[in-house]
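One structure is given below, represented as structure tokens, and several questions about it will come after.
For reference, chains read A, B, C and D in written order, and residue numbers begin at 1 within each chain.
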Amino acid sequence: MSLNPSTAAAAAACDPARRPLADRYAAVRERSMALAAPLSPEDQCIQSMPDASPTKWHLAHTSWFFEAVVLQPHAAGYRPFDERFFFLFNSYYESLGPRHPRPQRGLLTRPGLDEVHRYRAHVDAAIAQLIERAGAELWATLQPLMELGLQHEQQHQELILTDILHALSCNPLLPAAQPQAAAPLHLAESVPALGWLELAEGAVEIGHAGADFAFDNETPRHRVWLQPCRIADRLVTCGEYAEFIADGGYRQPGLWLSDGWAQVQAQGWQHPVYWLAPDDPRAPAPHWQVYGLHGVRPLDPAAPVAQLSFYEAAAYAQWAGARLPTEAEWEAASALPGMRQATGHVWQWTRSSYDPYPGFQPWSGAVAEYNGKFMVGQLVLRGGSVATPPGHARATYRNFFPPAARWQFTGLRLARDAAC
Amino acid sequence: MSLNPSTAAAAAACDPARRPLADRYAAVRERSMALAAPLSPEDQCIQSMPDASPTKWHLAHTSWFFEAVVLQPHAAGYRPFDERFFFLFNSYYESLGPRHPRPQRGLLTRPGLDEVHRYRAHVDAAIAQLIERAGAELWATLQPLMELGLQHEQQHQELILTDILHALSCNPLLPAAQPQAAAPLHLAESVPALGWLELAEGAVEIGHAGADFAFDNETPRHRVWLQPCRIADRLVTCGEYAEFIADGGYRQPGLWLSDGWAQVQAQGWQHPVYWLAPDDPRAPAPHWQVYGLHGVRPLDPAAPVAQLSFYEAAAYAQWAGARLPTEAEWEAASALPGMRQATGHVWQWTRSSYDPYPGFQPWSGAVAEYNGKFMVGQLVLRGGSVATPPGHARATYRNFFPPAARWQFTGLRLARDAAC
Amino acid sequence: MSLNPSTAAAAAACDPARRPLADRYAAVRERSMALAAPLSPEDQCIQSMPDASPTKWHLAHTSWFFEAVVLQPHAAGYRPFDERFFFLFNSYYESLGPRHPRPQRGLLTRPGLDEVHRYRAHVDAAIAQLIERAGAELWATLQPLMELGLQHEQQHQELILTDILHALSCNPLLPAAQPQAAAPLHLAESVPALGWLELAEGAVEIGHAGADFAFDNETPRHRVWLQPCRIADRLVTCGEYAEFIADGGYRQPGLWLSDGWAQVQAQGWQHPVYWLAPDDPRAPAPHWQVYGLHGVRPLDPAAPVAQLSFYEAAAYAQWAGARLPTEAEWEAASALPGMRQATGHVWQWTRSSYDPYPGFQPWSGAVAEYNGKFMVGQLVLRGGSVATPPGHARATYRNFFPPAARWQFTGLRLARDAAC
Amino acid sequence: MSLNPSTAAAAAACDPARRPLADRYAAVRERSMALAAPLSPEDQCIQSMPDASPTKWHLAHTSWFFEAVVLQPHAAGYRPFDERFFFLFNSYYESLGPRHPRPQRGLLTRPGLDEVHRYRAHVDAAIAQLIERAGAELWATLQPLMELGLQHEQQHQELILTDILHALSCNPLLPAAQPQAAAPLHLAESVPALGWLELAEGAVEIGHAGADFAFDNETPRHRVWLQPCRIADRLVTCGEYAEFIADGGYRQPGLWLSDGWAQVQAQGWQHPVYWLAPDDPRAPAPHWQVYGLHGVRPLDPAAPVAQLSFYEAAAYAQWAGARLPTEAEWEAASALPGMRQATGHVWQWTRSSYDPYPGFQPWSGAVAEYNGKFMVGQLVLRGGSVATPPGHARATYRNFFPPAARWQFTGLRLARDAAC
């Protein structure tokens, strides 16, 4: 599928040294469209909670990012598709001007989906032209910004999936968001036996260094001191989590952090948010089922448990006589030979709050707001999920969400102190 | 435009004595579709506040009403289009089973608009068949229920317009809901001079009697005692209301009811909700403008002021040294020769709470819930608006809304005690 | 008990023609103190919800009223006890300046109770002096204002009781507010047989006329047209209400107004708010109990049911195949020979919204805010309760509360259309 | 002052080896009473927000703690003062049964203050008896629990001061909580010049080890790797913070964390919560003033700034071109010779989230809930404040509050990366 023929054409036309980035640009942009393709214009318009955004908004916002960060500052004579989109599709960049309130993104029926497609094509054409015509000095400036724009769009590709899944989960018909999706969106597999990987005491280095792309929050690479511990070589499965439920895990306050227990009581949590208990009126069945991108399916005991909040992950670990790993432990363990399911299934909650690394400096300019200003009240997740675009994640990647968030592909891996 | 060819065909085929109702059914149903036609599927899906519903929901709910009240109980062998729609599209009928929560109507991207159109066609076909085939006794039973279904749909036709207007008013682009709409949706006209109609003291009869259709809340016709008073022969205009604003009307607590003043302060009210002050960033202009079905237009001083809450209407009347008429005064005055703008412009707030008439009895069966259970906390409006379907309103009609409601075509007419 | 010796002394000293008012002033003021006397300083300080006020606040506010309405405008050279009290103890008079937010009245530990007692004494002394020294013309002006101040204080005497009862009902120990209170606060009596009083169709006059004191909202006296109906000659009892509960009254939406049913569900209403079901952990017993001014007592089947919301009263009437009387019906019936329990037990919800009477004019000046600005969203109650000061109520009295209010001595009397 | 003569007597009578603990018990308990002594029963009863508790509640809860942890499990034949107090005065111990809802603590006018005093005396007498009579084995068990009870009471002594200060700050009269308080509650001093202390890169040990009392959250002592940095040798002053305000600190989103900026906008923050701008109507003055335990006083430029949220502390540090220290940096620096104002002025926000130390194990039994279950969503503070009881704090102490908390004696000390 290609709504952007000019993109491919431009890529073909340009300097061979710039071809890889042009090709990559085209591929990433087209992947966003492909993710949205199975959804109706109505599906792509709605917003089911303030934390989630409409598909259409994601398609527009990622284009706005290229406009605001690449085209407006660097493409001489660039004419915006519509000046008003600067207000509509800015997400949270205070330095880039006022913006439409986040909880009201779902009310933007206009611009319609077709117009947003034209907006994307307009930006794509301008980017293609810029790649083709930029002088050498400008090209040097542009490369990292283009790369950031693409990484940014890949992050929103994951959100397109998790947000639409949440939106459709609010419909009592429980429709499937990706009915035809095949293996790439498949979570289940045969259940692996559990092994423990050992980490010895001592200083290790974590964080990103080098020329490859990484977000600012992964830097600087620095030394941390690890205590001896063991870390599970695979994820916790739905079957294991079902035992926790059956053992009354959601009824024992002693297993929960105080804030977590408050949520359990206030929200009536009894199981992961997308699980359907045997008597669920929306899709009656004599057994547990799980709602996901393919719709409602019987619970697969071998599949990693997903859509867990940090509170649920921590309560499970407590029940299992274990704990969550710290992000440093996770990163150190990720290099060990036996580490399985590190990425491609679910993001893994760590026991580390999302604090800045020692020596952390945000990027400069508008993108200073990209990561640093969110470094409070959130927990770090590591790994990568079935919804993460291929090639996007890496071992130093620091994903983060508030502890009550339940709409992402988030699960857990256990850890234990060496002495336990 | 006709998406329901079978309807017209059936009408043509049926007993000539049943033709008028069949024709009327087809006309009313097609009018709903026509009102929705200028709107995109996205427009028709969203819900901008719990009190407003998506266009698509109105299209489906009015069909559900025919299913629940006519077809299910009376059409032998009727097969519902989709059993699950009984849950999705019930509005507030407790006796007809559980229902989808009102504030989440905007999350129903499925069924899509096309499917709702098929749902309507399915219901239309079944109704057509029922009209054609019902025996004489059943036909006698059906007629009033069919008529109620059509009156009900006409009420929702007004809400289709007011709800989409509210939804689009939340979009900073302020798009027009009915850009091509001509005279029927036109409010403004040359400003009429104001006259006062006199009502003498004494007993008068109000309320509905007779065989024509009326809602249960308009009955029984009964005697009330009027005090002598005068009532304005036309509505309050935007130009007059602008004087109230210019005189500090929104800053003087002494003009307001206590609950109204609380709203003014809590919500920051400074003018009618669809008015744009001269410096409004959404559509900058050196003068007042008004947002309406045709989009943003310069304020027309001769047009009746609309989208007023009861609180604003009452404060204006206080400022003008007058008061709002009671509903009995309004109804008595409506028969006087000089009464202008009684209907077709805006519903007119009265100073009468929506209490039951003496001797009021709700309809029996499921439709007992139609009007009676809302008789507390609301105010009566009389007349009819530019958005009211032609022929739907009458002098005894009792419309009602809570005093803070600001998204209807609601304005006011002044009254005064005789002595004043 | 007298904390105000100067008051009595002044009364003795003054013009004999002014003695009755001076005596009445002393008696009303001392009654407020007597009502508060059994309560600790802590009891008198707290506020259990925004709609209820602390006892101490009532003691101070009623003094502020005399300051603001009588002393400040009319007592030459009056020196306020503390200028800041104008801000602290104004209730809702916008025209008299800014004021302490209502929901934070319970945070006013200072001034302490002793200081509020001194404030009362200061006002009492100034009033006594004014009574003694005012010239004839001023005296003519003062008399109605003094009377209003006393009527106002009597209204707050009822609130002192209902508000402290609510506050103490929030304490799981359920302490008694008036443990020594004898007959005047006793509600129960032997159950009277129920009779029906008939009202014929025709015009009757309701409302206040004449020189005696009445609030502005009771005027003008005017004609209304009554439909023929019957009205119960006594109140609904706790025993009768218990049958409604036992019959599932709180589980049948068809009995309730829509807003009422929403409350039932949102708040989990299952019985009157001060009733304790047999298994209540706060005071376990094998039978129903009722919390009241004397603490927890076994339910008395003969006592009028109290602390009902309008929604509960209306649902009970619906269940009983009856309805609530209108306020005009109530007032007309109150003059009939057989009318029992008209006052002294509970205020009786009517089916009349609190709208202005035809020709209603609020008082002028600051006290224009006394009643008129609350005439929306409330229901009229008639009669008078066990907590109403003796002599305060009358047949034309219009009490009013929002339909969900459950902390007053409010119950019901049934009515029926003549035909039923 | 001593309301507990039996305590002192018992201390005198007991085994000399047990005297130090008995004396310490008496001293700590009496200090709580002394802190409350200047407050009226009304002051001691109210609760100004869910996070703050009434003084009387603190007095009772600290006694409940001795009952629940020491007397009930270990004092044979102990008879509780009132069984119902187990429900009323449990704070958050799920394993010790249900409890009165936290936001309603201010409604407990009963038990009255006198009764709470008797409750304290009852517990004191039982503790004295237990100290005197416990066998050697029991004594070994009791000692750490007694110590915990005293440390717990000392924590509440600080809260008695901060909570009453908040409560009285809600009173527009702004009364002084501790009008006679002398030096111990004095914050201001001459402004010290600022110096920077250097910390070298390398592994250091932090956390508590050894036999002295420490909370479980301070353990185990463990190694962490520090990056080279500098840390200020004194606190940020009010004078310095006033420059931040004057420079528009509260109007520049770029200085704030995202959640902090949301608070600034939603709550209208313009300065520290207890600062009064020059035009404050509660205490008009031509200059800044600060409300504190002594009431309203002119801003002292040399005094450490207090009652700051973490958000404000972090924004100030950003503005100052610095950052907040981590808790490891703070603890390492606290041992350096030049470190001033480490304790006794304000708790100092660190840039460390309140995560568990590696190898952390909560205490066992009921007190497992003491610290561990709060380890999410909060930030660590180090040091100790003017309101901290003498001898209570230590260098390894980990205080913690949510980032928006503004009612504690909380300020900041700056840090910088070595390279900056």
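Note that a residue touches a chain if its C-beta (ideal position, glycine included) is under 8 Å from a C-beta of that chain, and two chains touch if they have at least 3 such contacts.
Remember, predicted model here, so these are calculated numbers, not experimental data.
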Determine, using the mean of C-alpha atoms as each chain's centre, which chain is farthest from chain A. C
By residue number, over half of the contact pairs should agree; on that basis which option among B-C, A-D or A-B is the same interface as C-D? A-B
List the centre-to-centre spacing of chain A and chain B in whole Å, with centres computed as mean CA coordinates. 45
Measuring centre to centre with CA averages, how many angstrom lie between chain A and chain C? 59
Between chain A and chain D, centroid-to-centroid distance (C-alpha), Å: 38
Residues within chain C bordering two or more other chains: none
By the touch definition up top, name every chain pair that qualifies. A-B, A-D, B-C, C-D
In the complex, the residues of chain A that touch chain D are 92, 94-95, 203, 222-227, 229, 253-254, 256-261, 310-311, 314, 326, 351-356, 358-359, 368-369, 373-377, 379, 403, 417, 419
Would you mind writing out the residues of chain B in touch with chain A in their complex? 40-46, 48, 84, 87-88, 100, 104, 106-113, 167-168, 170-173, 175
